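Structure record follows, encoded as structure tokens.
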Amino acid sequence: QEKTEITITKQPSILYLPALVMQKQGLIEKSAAQDGVKNLKVNWRSFSSGGASTDALLSDNVEIVNSGLGNLLLLWDRTKGKVKGITTNSALPLELVSRDPKIKTLKDFGPRDKIAVPTVRVSTQAILLQMAAEKEFGKDNWSKLDANTVQLGHPDAAAMLANASGEISTHFAAPPFSYKELKTVPNAHVLLRSNDIIDGGLSQSTLFTTTKFAEANPKIIKAVLAASEEAIAFIKAHPDQAVDIYREISGDQTSAAELLDMLKQPGMMDFQMAPAGSMKFAEHMSKVGILKTKPAKWTDYFMPESAGLNGS
Amino acid sequence: MAYLLEVDAVTLRYKTPESIITATNKVSFNVNSGDRFVLLGPSGCGKSTLLKAVGGYLAPEEGEIRIKGKAVRKPGADRMMVFQEFDQLLPWKTVLENVMFPLLAARKMPRKEAQERARAYVEKVHLGQFADSYTHTLSGGMKQRVAIARGMSMEPDILLMDEPFAALDALTRRQMQDELLQLWEDTRFTVMFVTHSIAEAIRIGNRILLLSPHPGEVKAEVSDVESVADDAAAAAELEQEIHGLLFDPQGAHTE
Amino acid sequence: MAYLLEVDAVTLRYKTPESIITATNKVSFNVNSGDRFVLLGPSGCGKSTLLKAVGGYLAPEEGEIRIKGKAVRKPGADRMMVFQEFDQLLPWKTVLENVMFPLLAARKMPRKEAQERARAYVEKVHLGQFADSYTHTLSGGMKQRVAIARGMSMEPDILLMDEPFAALDALTRRQMQDELLQLWEDTRFTVMFVTHSIAEAIRIGNRILLLSPHPGEVKAEVSDVESVADDAAAAAELEQEIHGLLFDPQGAHTE
Amino acid sequence: MTRATITLKKDSADGDSARHVVVVRELPLIQKLWSDAFVRKTVIILLLALAWEIYGRLLDNPLLFPTLSDTIAAFIDRIGDGILVDRAWTSIKVLLIGYALGIILAAVITILAISTQIGTDFLEVMTAMFNPLPAIALLPLALIWFGLGTTSIVFVLLHSVVWVVALNTQSGFLAVSHTLRMVGRNYELTGLRYVAKILIPAAFPSILTGLKIGWAFAWRTLIAAELVFGVASGQGGLGWFIFENRNLLDIPAVFAGLLTVIIIGLIVENLVFRLIEKKTVRRWGMQG
Amino acid sequence: MTRATITLKKDSADGDSARHVVVVRELPLIQKLWSDAFVRKTVIILLLALAWEIYGRLLDNPLLFPTLSDTIAAFIDRIGDGILVDRAWTSIKVLLIGYALGIILAAVITILAISTQIGTDFLEVMTAMFNPLPAIALLPLALIWFGLGTTSIVFVLLHSVVWVVALNTQSGFLAVSHTLRMVGRNYELTGLRYVAKILIPAAFPSILTGLKIGWAFAWRTLIAAELVFGVASGQGGLGWFIFENRNLLDIPAVFAGLLTVIIIGLIVENLVFRLIEKKTVRRWGMQG
């Protein structure tokens, strides 16, 4: 007996655009109905952070979480495999933006140059920075830039960057903040993009749930997969309509033209279901001790239903 | 054993972090129903404490206090108390409401009846004009009169009054004494009364208990006081005698 | 004009949200340096209010109060006040500290000297035994005695006392009166004194101001009171006379 | 001579007629206005507003701290499209529930505390333990017990209201004078009647302070809690509104949200609490 | 017969010797233990601990709500490697600074409020406006003025302490009896001396309550603020410790952090505040 009502978390950001399309167009409901689950009701619930979504999942208040890849890995590790991914649906680039003209590469950071990341040590941005440092300074120096990081939410970091006299000159930003910073802050330039660190980019928006739920509700899992595919196809085919959906649901007042322009930037249309760069990411996480068990392959932490994706 | 109130070798003590203070030491006396019993003694000798113990606010360290043969354990509306302090009125109630309050709370009479009765007693203490004033706008003497009206309006079995008239001028005091005696004539309740004025004790009481200074012990008891009531000369003589007993060193037997 | 204190057609009013209460109406009198000036009048006639106005706590609605020719604007340590209320002691200080407090705060004498003087006055009011007690452990009369000691120990130019002896028994009262008179002999300060007892007024005062009931107006003034001090019969006669003036309807001129 | 002189005074015999002549001293207009609390407060608020505007302009960093005029523009805009009113209303509803429940719970705890020794100890232990705990500590329990709905937020609000109100109420109760307590017990008031008829009115100034602080902290907590519990489509409160607009870098809208909180605070303080104060403690002479 | 009867009583003439015989009624041991607040509180705490353990086991959801034993294991572990002590110490240092500054500022504001009309209005307007504002509202200003770091946290702490303490102090001041005020003014105490020698001791119960609540809210705010302002890695306080471990889903460590807060709360309440209370308001008979 499959559930007839589920709740999925979402976060208000362009990274999660496919979910917004699924919500707007009722794609999960549609796919489930085709599969014989009639009258499936899908609630979408916004959370301010991945941590809050995780708690909601653990307390059985939501069925599926749409959050970052790092969150999935951590939860998979801590629950000893009882939480697994269904699919990812975006791999947009994260960009290290600096407004300090003196800083052109990672080597140029002095001890006083601060880099804003959403959460020090554990956020995707912080880990990417470590991986980049490892590449740049050698295997044992992956934590070399940790001392430069400070924790600041994206909006605050963006505001600080705009403040020419502020102490933050560099921000590891996600879209749309990186886009806005590059457009408005004098001297803003990209030092590094996630695709430079992990070849082929790194998945952002990931849908995951408990294996218990997945086993009891295989049709819903399938429906989610099908809906993701359809949503991504829709975005690629009709970016203008997708942007309208984003503006409507998120309440973002940015003009459609500007948003479309943002989507035209390199890598910004990388909405894809196949997990990208997840194993490299997971390996680093286990190396620095965040993950206690090291996955052998990406399918360890994704559902069997997703094994057909061309992941990495 | 028809005593209404028996105070039996009662010792009352206060414990403070610094020390233990004995307020009264083995005080014994009995009050009959209908007595107007006056406690007389120097400042600090334990009169208020004794009254509070009878009121049930303070448990004796030794001895026992019994009312109608039953030990006093807690306060009750059968013993209405008029305190010495000015802050015994409820500041959130007007004069009239203050007087009505126990009538409604403890005697549980209908509101209308309580109001009528309260107004009558407020008039008796000459505060009709201030019936609707809040108590913080009253003078010291006016506050005490409200408390007196409140105590009397309950027409309780036992009325315990702690220097109720101390803040009143001679005339008002006289009038209040008359009201009290009139009420006693009407309802024959029992009253225990603390005062500093020997003349007042003679005027009001039929029995007077004299206490020695700190810690209070019974020094003497005067009974049949009403026999001098109509005889000014005898009253003056008795006043002298009591004064001597209370205050002259040779009259005191413990020093 | 050599008057120490001039009260010139002073009207005092309280404003409450409900109404305006006139406490005294156009009261005038003068006090000479060294006077022992007594205010006498029925409860609620505005004696405390008048004293507070002289103390500088209350501005007259009409008229003016002047000390040494200068209008009173605010309270000052030249006019020590002994209030009618029991809560005038500082509960966070012991008896001795309470008496020392104004000596240190307003007279600014060295601590040691203040302590000595305070102890002497605490002894004078018979509270030596309780010098280190906190005030909440005192009886009503004992609290008032601490306040009296505090007021007298300041040995101020003007001492304003509001029924200071009302809570005291006859003997203690007598002793306190003697202390006050003795202090006056020694330092010849000026004292303004509210009392309800006509006998006390005659004993203490050299001049007595009689006030009519609410709102207070000056009814009469008695001067040369000390002339009857040593003559019990004359004192009793004066007492009768004042009683008549105050309370007999025909003696009152406004009703 | 053993004769005192008695002088009768006649000079005020004009009696009643003169008694009621109240000389009202006319104050100059400015002073009269100034003596009105409402006017003074308005001036203070205007000065603060001016300071905001000037500082905002000088700072010239609209992403961090917008000017008042921008904020007001956003405010009017969002009031116009109904969103702000909607969000504020959503928050206020939850807030009132949590606040009311908090007060009730505080009352229960305080009554237990005042009537039994173990109750006192319980209150003391609980406030010492739980009051310093951030809401984050309660979230897991709230999620397990009440899920994601309003109930959870109410639960967290409870936590921020109850200890404050209980502590202030208890300290007020403890400070009630011995005499008043004795008066209450004299009339055989016990239990709830004693609390309701003696302790609460006598401790009212303290209770009122507790209520004011509880109100303020309920707001603070609500705004933080709304972020954690998230929202189902389009129904968030002011906290979510602020968060959302921050994410969109629409900072004037963020400050419009905060301005709404400020305005509600001013209204509640000056209408509700002030009125209560005027009708109670001021009237009873319990407040200088 | 116009003669009253006078009966002299001799029966208590044994005098002084008898006066000081104090009959101490021996209580049974259990009752004696129970009458000790410390014992009673310990029992309450143990019961709460037991409830936690049992509920934690029943719930069996260690990623949301660990058992007490897991928490204690984590606690001991983190105490052992020195991290928890370190983090707690960092927090306490910041907390004490913020708390102290908050109290000083509250004192200044309250003194202004009590001595001038405009000061009163100012305090009322400010508390009504700022007290309900969440710390998030101060963040931009803190960032601009103080940047990232301890100073900003102290600034936010100030905000959570100052209004609470000021409100309680002011309401305490307002409730000081007229007589005591008059006494103070009689001795020509004015300004600060008046406040220090009359108002503060007379309003001490209220002030103490304000200090208690302020302390608790300072903790709450500190923990929240450390999350927002973060830290340059590795130097955070307890809030950071909790946040970090939450991010790592090391929930027993999170609760170990919260347990530390609880323990500190209990210590401060029972040692510091209790002692102050005992030496002041209890001793002075200002608290029932």
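For reference, chains read A, B, C, D and E in written order, and residue numbers begin at 1 within each chain.
In this section, contacts are C-beta pairs under 8 Å (C-beta built on N, C-alpha and C of every residue); 3 or more make two chains touch, one makes a residue touch a chain.
These numbers come from a predicted model, not from an experiment.
*Asks:* Just to be sure I understand the contacts, which chains border both subunit E and subunit C?
*Replies:* B, D
*Asks:* Once you find the CA centre of subunit D and the CA centre of subunit E, what distance in Å lies between them?
*Replies:* Comparing mean C-alpha positions, subunit E is 20 Å from subunit D.
*Asks:* In whole angstrom, how far does the Cα centroid of subunit A sit from the Cα centroid of subunit D?
*Replies:* That pair's centroid distance is 42 Å.
*Asks:* Starting from the mean Cα coordinates of subunit B and subunit E, work out the distance between those two points in Å.
*Replies:* Taking the average C-alpha coordinate of subunit B and of subunit E, the gap between them is 44 Å.
*Asks:* At which residue positions does subunit A touch at least two other chains?
*Replies:* 55, 58-59, 153, 159-160, 163
*Asks:* What positions in subunit D touch 2 or more of the other chains?
*Replies:* 61, 64, 140, 143-144, 251, 283, 286
*Asks:* Touching at least two other chains at once: which residues of subunit C meet that condition?
*Replies:* 85, 87, 134, 137
*Asks:* Can you work out from the touch definition every pair of chains that touches here?
*Replies:* A-D, A-E, B-C, B-D, B-E, C-D, C-E, D-E
*Asks:* Mind pulling up the subunit B residues that touch subunit C in the complex?
*Replies:* 14, 16, 18, 21, 40-44, 48-49, 84-87, 129, 132-134, 137-142, 145, 163, 166-173, 196-198, 214, 243, 246-247
*Asks:* What residues of subunit A sit close enough to touch subunit E in their complex?
*Replies:* Residues in contact with subunit E: 51, 54-55, 58-59, 74-75, 78-79, 114, 119-122, 146-147, 149-153, 156, 159-160, 163, 166-168, 290.
*Asks:* Write out the stretch or stretches of subunit B touching subunit E in their complex.
*Replies:* Going through subunit B, the ones touching subunit E are 13, 17, 20, 22, 25-28, 61-62, 215, 217-225, 227-228, 230-231, 234, 238, 241-242, 245, 253-254.
*Asks:* List the residues on subunit B that touch subunit D in their complex, please.
*Replies:* 52, 55-57, 74-77, 79-81, 83, 85, 87-88, 90-92, 101-102, 105-106, 134-137
*Asks:* Going by the contact rule at the top, pick out the subunit E residues touching subunit C in the complex.
*Replies:* Per the stated touch rule, the residues are 177, 179-180, 182-183, 185-189, 193, 197-198, 201-202, 204, 280, 283-286.
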